Structure formats: structure tokens, C-alpha cells
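In what follows, a structure is listed as C-alpha cells, so that the remarks can point back to it.
So that you can tell them apart, the chains are marked A, B, C and D in the order they are listed, and the count of residues begins at 1 in each.
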Amino acid sequence: MAIIIDGQTRVLVQGATGNQGSFHLKQMLAYGSNVVAGVSPGKGGQSVEAVPVFDTVFAAVEAQHPNASIIFIPARLAKEAAFEAMEAGIETVVIITEHIPVHDAMDIMHLAKARGTTIIGPNTFGIISPGLCKMGIMPNSIFLPGTTGVLARSGTLSYEIVFNLTAAGIGQSSVVGLGGDRVAGLSFVDILQRFEADEGTTQVVLVGEIGGNAEEEAAEYIKSMRKPVVAYLAGKSAPPGKRMGHAGAIIERGKGTFASKVTALNAAGAQVAALPWEVPNLLAQVSR
Amino acid sequence: MKLFEFMAKELFARNGIPIPQGRVVRVPSEAAAACQTIGSVVLKSQILSGGRGKAGGIKFADTPDEAATAAGEILGTELKGFTVDTLLVEQKLQIDQELYLAITIDKAAQCPVLIASAFGGMDIEDLAEDKLVKHNIDVGIGIMPYLTRELNRKLGLSGVLAQQAAEIFTNLYKVFREYDAELVEINPLVVSGEKLVAADGKVTIDDEAMFRVGELVPHTEERTDLEIKAAELGISYVQLEGDIAVMANGAGITMATLDILQHYGGHPANFMDAGGGAGIEATAKALEILLATQPKAILVNIFGGITRCDDVATAFAQVKQSRGIDVPLVIRLVGTNQAEGVRILQENGIDSFRTIKEAVEKVVQIANA
Amino acid sequence: MAIIIDGQTRVLVQGATGNQGSFHLKQMLAYGSNVVAGVSPGKGGQSVEAVPVFDTVFAAVEAQHPNASIIFIPARLAKEAAFEAMEAGIETVVIITEHIPVHDAMDIMHLAKARGTTIIGPNTFGIISPGLCKMGIMPNSIFLPGTTGVLARSGTLSYEIVFNLTAAGIGQSSVVGLGGDRVAGLSFVDILQRFEADEGTTQVVLVGEIGGNAEEEAAEYIKSMRKPVVAYLAGKSAPPGKRMGHAGAIIERGKGTFASKVTALNAAGAQVAALPWEVPNLLAQVSR
Amino acid sequence: MKLFEFMAKELFARNGIPIPQGRVVRVPSEAAAACQTIGSVVLKSQILSGGRGKAGGIKFADTPDEAATAAGEILGTELKGFTVDTLLVEQKLQIDQELYLAITIDKAAQCPVLIASAFGGMDIEDLAEDKLVKHNIDVGIGIMPYLTRELNRKLGLSGVLAQQAAEIFTNLYKVFREYDAELVEINPLVVSGEKLVAADGKVTIDDEAMFRVGELVPHTEERTDLEIKAAELGISYVQLEGDIAVMANGAGITMATLDILQHYGGHPANFMDAGGGAGIEATAKALEILLATQPKAILVNIFGGITRCDDVATAFAQVKQSRGIDVPLVIRLVGTNQAEGVRILQENGIDSFRTIKEAVEKVVQIANA
């Protein structure tokens, strides 16, 4: 039906009383996510939209048994928040926060490996399994339950793609944002593997961008996939040597170019759409 | 943030990595004085770019007079887009072997990676994979003595050189972690007699970590004024060469917007990611930055998620009311609070589109008119 | 046939050129263990009994592909040796060294958990799967291949027990020493689980001692075991408050007594032999 | 190695854990002087044992004269098997609440465990499980601020007390790790007005780590002279009350030997684990220690593994030849190099047995004769 989160997921919101945290807690509830608790140090005992708030993740886990957490905590404290979630036994941690120092991100991933925690992000729009659960900051209205898996490095661009899918009647099993930072939890390959294994997913849309070699690595894995993959890549017009917003979106020493990614994906049998709204048509072609 | 060579070396020296005797100079007379003290020297332009040697940014001198002359020839010149205003005057080393040593981030492995080679001195990108030694570092362990033994074995170092190298590996990793570096590089790490010396040094600090290491490291700047102003507002801004200013919310969608604009024959003047969740004030300031660049037209592409369409619309309305907007403005606005946003724009006489295709076609038509 | 090590195990000896290391390397070879490499910093290129010696574990792994290591390295450097083995990807690490500081042992176990490494010891006599592989310091002559699993906190005492088993014609599937230190890798329960799952093991002998509550925890698990367990416990005559050689062998505040362990084991259906040479008879009784 | 309270508190103070104002004294006049400076005081015997209060080892004084008198009453007395030669004279605290706080080792979880309680002051063993807060500490993480928040929440601490407690948790863990402690305990941790103070302190250092922390901590001794001498030889020795001296190789086999000896009606005079792999010299010295205790008989149980039977036999032969063995000696000798060992013993007129049963029966017969 979906990957990573579903109707059984019990969501914790870290930073629940902050501006972003409380706004998105409300949005997630409105979408139907089972938000069972919030955490804000010093705010224990309060509630946000009838969701109880605790001082620590440990206290929230003790009382409400969440198994997934979404972090809306400023960059300076985000590592600590992720550590707390992992120490308290949370299995899936979605880190929305952007501008986290890369050494903190490495520390987070190090602990996650030891603990077997699934990390999505940082600097991600989150993950949604339409109709079942949303943990993220994406607009509620654009998603449609279905069987197309979507994975993206970038938030708003993936909304654009999903918006076009939904408009074309193509629903989504899960939509996952890897996050735009250099060091992120789940990689394209990690997520492709899950989509490949998921019975509820029949085809996949990969939304990539210039810089790094994540798309090339994904292409290598796509070669072995049974399910068809269609891609859209941003940054065709980007000049080399300029960091285009995301820490990783930069063509350095001739590596990570748009052309090399398109070549790799095509070689793996994945078609690359020239414009975002062409994705639905390409999908229709590959799924026969 | 890239550090100048002399700054990188200062960090090295502070952390037990040997560097050549040297002095930072800004006028030829200082170069002469440095040569007087040091003896034969090399004068190196301090710019935030590689390839200085080929571009004429490095000179040698054996006497104070030669040093002054050489300094005079380099100082003030343009080199790789930078004006040279600082030189590092350093002892000329006896070079028996050049090694390469760096620590950076292995994105796929999500951890630091140490890269070394017994064949340094040239650009690491030009070295064959089999001449490189790579070792991922577990941040929970760091560099323990056995790892230094393994690295020395692979680099073919033994005896006193191996002992020094072990300290340099350890200390370089310390610099990498303590200063939140993205890259620390010594190229070449020179074998000079019985000694290892960092003959060059490159350090790039993670911009996101400046809040905690800003006090520890000197500051450099390679951005344009506009980029700096945007950064202060939390906005990603990159200047490009076209005539249509672009603003979108999210790095991916901004890149895609530029691509689409180009696809339809337009020429983007910039990359501007106003950020997810930009509020009224930030959006207004972002628009003002675009207006200040005097483009032919402005294309705004907002897909509201964490960003709310009503905030964006209110910001635009405010700017229009307060200082006027004298450039054609084409807006695509969908997503969170879309209806409210479109209403506010309408009330202020600003049209908006539902699809990016329509918006781009419109703005290209205006700019090319 | 056996647990943890068998005929496929490729053994590395860390500290191969030292007194103990070289002596036991020879003994292990004589037993038939597949000792493929040794490590001694600064001695790379030498060999011990025709086994090649390397400067680092990485080099040994690269050349000889060992998958298990036995450590004969002085206490001050033992943590580093274990770390090197784990970083180099060794799956099973047997730490013979005694007197390792307990904080070092905690650090070792912490890394082992993250890496999924099996640690036996420290301060252990090792492990042997008779007829297949020996990684340890026990005398070669006393073991007999068979189907009785033996696990012990203490070395020489377990030789005594095994000696009696062998004399009675009762062979062993594997004999494992947990080690006498406070913080050790595999616990009684860990090893009992492996014996319970091992097709080559039909019954188990547990050799315990006073102090701590490892035997009580083992008893808790034994309740759920299908295979019969017989125990022998040392320290019946030990006075409270005195540390009897092993760091853990001390009755403190009335806890860890001989009587409490016997009671727990008996309650779990495990008989406790009064004298070491009574173990074979008890085994004969329980295995009908 | 257990530290005296005043030593533990010195480590605390050095590491930012507040302790009461106090002074270590060894004569009554110093106690008076301390009281003069501090005001109302408590005088606490410095012995390596708990339960000092009930045993009369703690007294209070409000004036220098009272302090001198109290000190005179305690100093020099026997308390729980120790002679009191040192007092800690400390400020008498206002006590609003007593907490318990300790960090020790969770053997099963193989990591440090922090144990705390809002109901301190008494022996922790007497506290109900539901009044204890326990938290395992990941040595890769240590104590991060969220853990201090969680501990404060469970202990019911807030405001300035919570802030102080957070520092104390962190600093106590630092003491635990940096000094290779097996136990660090503050009981009670006193709430005195707006302040938390460590009113008592217990620290036990891992003996195996003395090579690296020995310089950092003061030294104490609670072993007998014989135990010290044995330890210097790397031998585990515990004095018992019987008449048959015992030596074996391995802690488990030594315990079992004592058990079997007792089973057959014998009375062990000691526990002596001569260690795995003891060589000739160490074994000879171990035998000399046993001879020095003048037992009725000596039982030796060697199952050679890492220990070689020939080494043991040679050691015994050497001792016999050099200084004679005037006590009946019963040896059980099997294992590595057994034949050679038995031969050496025979040549020196020492009989050996193959089973422990035979050896024990023989030695009991001799001792009870």
C-alpha cells in the first residue's frame, strides 16, 4: 500500500508549540495523520489542537507510544532533537529543519546506523502516503491515493510534479523527499528498493537535480528494477560552479551535470521528462 | 566558506601540523623584509582559487630585492577574477616527495573520508583511482593509531616520516571536525629531508556552522554584494546573465523554473529561492532585491506548501502600495491558501496564473517584446 | 554442527608474534584451525609457523580474508585491537586479554553493537567447536566432537568439566567461554539461544559461578528451552564481600549467592551438579 | 579502588560538582580551627565503609570546643574494622530534601547506568524500585541536555534546581568516564535552599585502569599485606580462615577447588588463583606466599591450558631445592605438557595425582590427621 508510513503510524511532533510545528501539526491532523503527541521542552502539560505536549520525547513515548517523529526544531538544536528521538526508540525520524551543519548531519546518520533508525531529511518536505498518513509540510490538497511512488530531492518541485500526476488521475502510493542537504538519511537507492518491494507501488517517478552523483547511483539500481521509472531533473540551465540553493546542487569540476544524469538514467531504461507536466504522459507510455 | 591559504595554514599550525616558515605581506617592502629573515622564498598570491601557479600568481626570489620586485609584479593584478592584495611569502622548501592528503565528506557513506596519495602536487582529480588511498572515518571512533599505521602502509611511509604522518592525519581530522570543515586539504604535503611539511593548505568551512565556529576562523567573502544581501535575508540568490528576474520558493522548483524559462526562449537574470515558509516581510524584501536589479520583467513561481499564498500576495501588495512596481510582474500562484492569495493580488491589480507554462509564456512574450 | 565457529572459519591472530600469540597460534594450527593470518604492527612480512604476518588488520583482511580474530594484545592496547578488527570488518572477535579496563570493555561492546560484531570475552579462554575449529587457549587434547554444548564463565573450570565429559564419552558441539570480566560480549542467554537453535546440539552444560545475576537470567531463558540443561556452579564456599579472582565473582549485599543461583536453575528445570565429575551422570539422566 | 569521601569530594569539586565547605583534619585542634572558620559543622570519619553514622562515626559541633571534643572522641577509634585517623569537618547544611544520584555499570546492558531518586539519604538497596529513576547511557552520546531534562522531570526538579542538577548529571558522568570509575555516587544530594550540594560522595576506581588514572587520583588501600604482595605478582589472593592453603590456576577452578575441599571436610586457608599462563618464577613466588602463611598442608590444583605443567613442576622443584618445603604438598597436575611435569615432580620426590578428587581426599586426610 505504501512505504515507511501508513495508517498504523503514530506520529510525534518535535517542536510542536513553535510557529511551524503547530501550523503543520494542525495540517497533518487535518490530513488524517494519527498525531499522538508533541514535544516542546518546558511546555509539557499543554496541548496543541487537543494533541498532548510533553517536555521530553521519553515522556511522550511513555504516554503515547509514537513510532515516528517529525522534527521542527531550529538548526542549532536539531541534532539533539534527532538524538533524543533515537534514544527514546523512535523508528522513523523525519527532519524538516534546514541549515543543519553537515557535521551534525553526519553525527545523526552515525547514530541512526547504530540504532537502525530510518532518517528522512534533513531539509526535506517529508513523506506522505496519500490517504493514510502525512509527515511533512506539503500542501494537503494535491495528493491522490494510488500506485505511483514518487521520490524527490526537492520539495516544491515535487509538489509541481505530483500536482500534474493528480491532475492526470495518477495517484501516489508514497511521496518521499530525501532532502536537499549534502548528507541525508535515505538515498534514492534506499527508497527505490522500498518501492520495488512494495506491493502497493507499480511505477516510480524520480525527481532529481544537478550536482553530486545520486541520480547516477539511482540509475545503476534502476537497471535491476522490475517496475518502470520516469524521471524529471532540475538544473538544465544552471551554470557550473554555482550552488543553486541546495547545498548539493552544484556542478563541480564537470561532475554532476544535467547531461551525465540524463545519460545514466536513459541507459538504465528510465525516460527523463523535458518539462514537469510531461511526466504523466511518459508514465502512461512506460506502463503500457 | 573558503579560507585563504594563509588562514588555512594558521589553523594547521595552531593544531600541530607543520607549515613552512612564512609571513603575510601586502606591500613589496614587507616581502623584502620577509626574504631578509627567511632566505630563499616563494611568493604566493592569496586568492580563493586554484591554478595560481599557471596563471602567474606564484613567484620565487632569493634576495630581498628580487622578493620586492616579484611582489610588485603580482600585487594589484587580476588573477582568476580576483584582485591580488595579499601575498604569502614562504621559505622555499627542499622537495624530496610530494604527497596528497585531504579529509572531506563522503555523501553516500554519510561520513568523513580521508583521501591520500603518494603522488601529490597535482590536482587530485587528475590522479588515477589506483594511486589514491581512501578511508572512511567512523565519527564515533575518529582516527585511532591503527588507522594511521594502515595509511602509512598504503602510502609507503615508515620510520620518522610515518610518525610525523600519524600526527598529521590525527591533527588534520581534528581541524576537520573542530572547525566544521567541508574540506581540509594539504597538497602537496612535502617530504623535505626528514620532515613532512604542509606546503599548501585549503580549508572550506561549512557556512551552516558559522554560528559556532565563526569566532574561531577568519572571515572571507567570494560572493557579490547582492548575494550577500540576499543571504542576510535567508534567501539563496545567484546572479545570472539574462533579463528576466525569477523568484520561486524552493531550490528545485527555482531551478526548474529557470529551465522552463530557457526552454521557452527566455533568459533568466538570476536564481532566487525565497525559501520554504517565507513570510510577508521576507517576501517583500526578496521582491525589492529583484526590483533593484532592474530586469525587463519579473517571473514569480509560487507553489504554496509551507509558503502560504496569502502571505506572498500580501507582500506583493505591500511593495506595490509602498514603492510601486515599475517592471512587468508575472505571477504563478497555487497551493496553501491559494484562493485568498489570488483575491489579494486581484484587489491590487496583479494578475496571476494557475500553471507555470502560462506564466512563463507570458513573461517571455513581455521580455522579448 | 556447532555455533559461531566451524570448519569454514578463517582465523586471524592479533598479536601473532608475541609470546602468547605465537604459542597459541601454533596450538590452534595443531588443532586444525584454519589460521590464515597474523597481525603485529611493525612485523609485517614476517611469518609464524608459515602463517603470514601483517602490520594491520586491514592488510591481513585484504590479503587473506579472515572472518574471525583472536586477540592476544596487552590490556592497554586491547581496545584498539578490537576496534581495528571491527573497523576492518571482522565478524567474530575473541578477546583473550585479561585486565582490560571496564570502560574500554564498554567502548568495545558499544562499537560491536553498532557493527553487529560478535564479541567473545574479554578474559576468556575462547571458543572451540571440537574437530572443526579452535579459537582460544584451551588444551587441545581434552575435547571430543559431539552434541553437548558447553558455556562457561571460567576457563580452567570448564576444562575440568569438559575433561570429565570426554572421559565419559560425551562429545561437545561447541565450548564457549564468556570471560570473567564484568562487561563481556556474549552472555549466557546469547549463547544458550544459539545452542537452542543449533541442530548439532542436543543438550547443554552451563558452568557458572557466584556473583552477578547472569545465572539467574540464564535460568529465566532456560525455562523456554526445549533442550535439557545441566549446570555446575563454583563458589559455594566463598565468603560474602570478597572478590574471588574474577571481577564479577563477589557476593555483594546478599546478591549473587550460590543458593539463589541453584534455586533459579532448579526452578527452570536445570539440575545443578554438586561436584564437577557428577555432570556426566546428570546429563545421562536428563537426556533419558 | 575505593576512595575516601574527602577524596571523592575533591574530584567532584575539581569537576564542577558543588560540595559543602569543609576541611580534612587529623587532630582535634584542627577540627576546632575548622569549626572556627566554618561555623556549625559535622565531623565525619573517613573510612572505606558505609554505615558510619549508626556506628558513631559522625558527630556534630556548633563551637570550636565542641568540635575538638567530638574529634577527640572519634579519632583513633576502631570503626567497622578500620582505625579512624582522618576526619572531614564540614559545614552543617540546611537540608530541605535529600536526593540520590549515582552512575555505575549495567553489566547486562554493557554500558553505564545513571540511577537517581527523589528519596535519597538512605541506602539505595532499601529503596523500592518505583522510587528509582534508571537510565542507561550510550557511551557514544554521553549525557545530552534532553537527558538532563528527562531526569529532572522524573525527579520532579524545576527552575534553578533543575539547571544545577543538569550540570551535576553532566559533570558526574564526566568524573565517571575520565577517572575510569566503577561507581560514582552522591548520597544524599541535598537540596539546601536554592542550591544543590553533594553532602556525601563515593567513588570507586577500576583497578585495571590505574595505569592511566593513577596519577589523577589519590591512592587508598583496604587489602591485607599478603593480598598486596600477591597482587604485585599478578596473583589473586583472598585470605580465608581454614588450615589448608590452596593454589589453582583460574578463578573458577580455584573456587571449585575450595568448594570440593569443603565438600570433603577440609578447611581452605585462602583463595589463590595463580593465573592463567603463570610462568616458572611467578609460580615459585606464589608457592612461597603460601608457605609463608604456615598452613597445615598445601593443595595445588593445576589443569594446564595456557599454564604449562612442566613450568609448574619446575617452579616447585626449584623452591624445594632452594629453600625446602616443610609442609605436606598435594598436587593435582594434568593438561598441557603433563607427562613432562609429572616426570619433573617425580625426580624431585613430589607425588602428583590425576584427579582433583584423589588430591582433595589426600590433603584432607593429612590436615585432619
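We take it that a contact is a pair of C-beta atoms (placed from the backbone, for glycine too) under 8 Å apart; a residue touches a chain by one contact, two chains touch by 3 or more.
All figures in this text were calculated on a predicted structure; none of them were measured in a lab.
If you compare C-D with A-D, the chain pair joined by more contacting C-beta pairs is C-D. Note: the chain lying farthest from chain A is D, by mean C-alpha position.
A straight line joining the Cα centres of chain A and chain C is 45 Å long. Mean C-alpha position of chain C lies 26 Å from that of chain D.
A straight line joining the Cα centres of chain B and chain D is 58 Å long. In whole angstrom, the spacing between the mean C-alpha positions of chain A and chain D is 54.
Shown for chain A are the residues in touch with two or more other chains, namely 113-114.
Multi-chain contact residues of chain B (touching two or more other chains) are listed as 138, 140. Taken as a graph of touching chains, this assembly has some other topology, since it is neither a line, a ring, a star nor fully connected. Contact annotation for chain pairs lists A-B, A-C, A-D, B-C, C-D, with touch applied as defined.
Partner chain D is touched in their complex by these residues of chain C: 20, 24, 75-76, 98-107, 109-110, 113-114, 125, 137-139, 142, 152-160, 163, 180, 182-184, 187, 207, 209-210, 212, 214, 217, 232, 234-239, 242-246, 248-249, 253, 274-277.
Residue ranges of chain D in contact with chain A, taken from their complex: 138, 140-141, 144-147, 149-150, 153.
On the chain A side of its complex with chain D, the touching residues are 41, 44, 55-59, 80-81, 83-84, 87, 111, 114.
Residues 105, 107-108, 110-112, 125, 138-140, 177, 180, 182, 206, 208-209, 211-212, 236, 238, 240, 248-256, 258-263, 268, 271, 273, 276-277, 303-307, 334-336, 355-357 of chain D are the ones that touch chain C when the two sit in their complex. Partner chain A is touched in their complex by these residues of chain C: 113-114.
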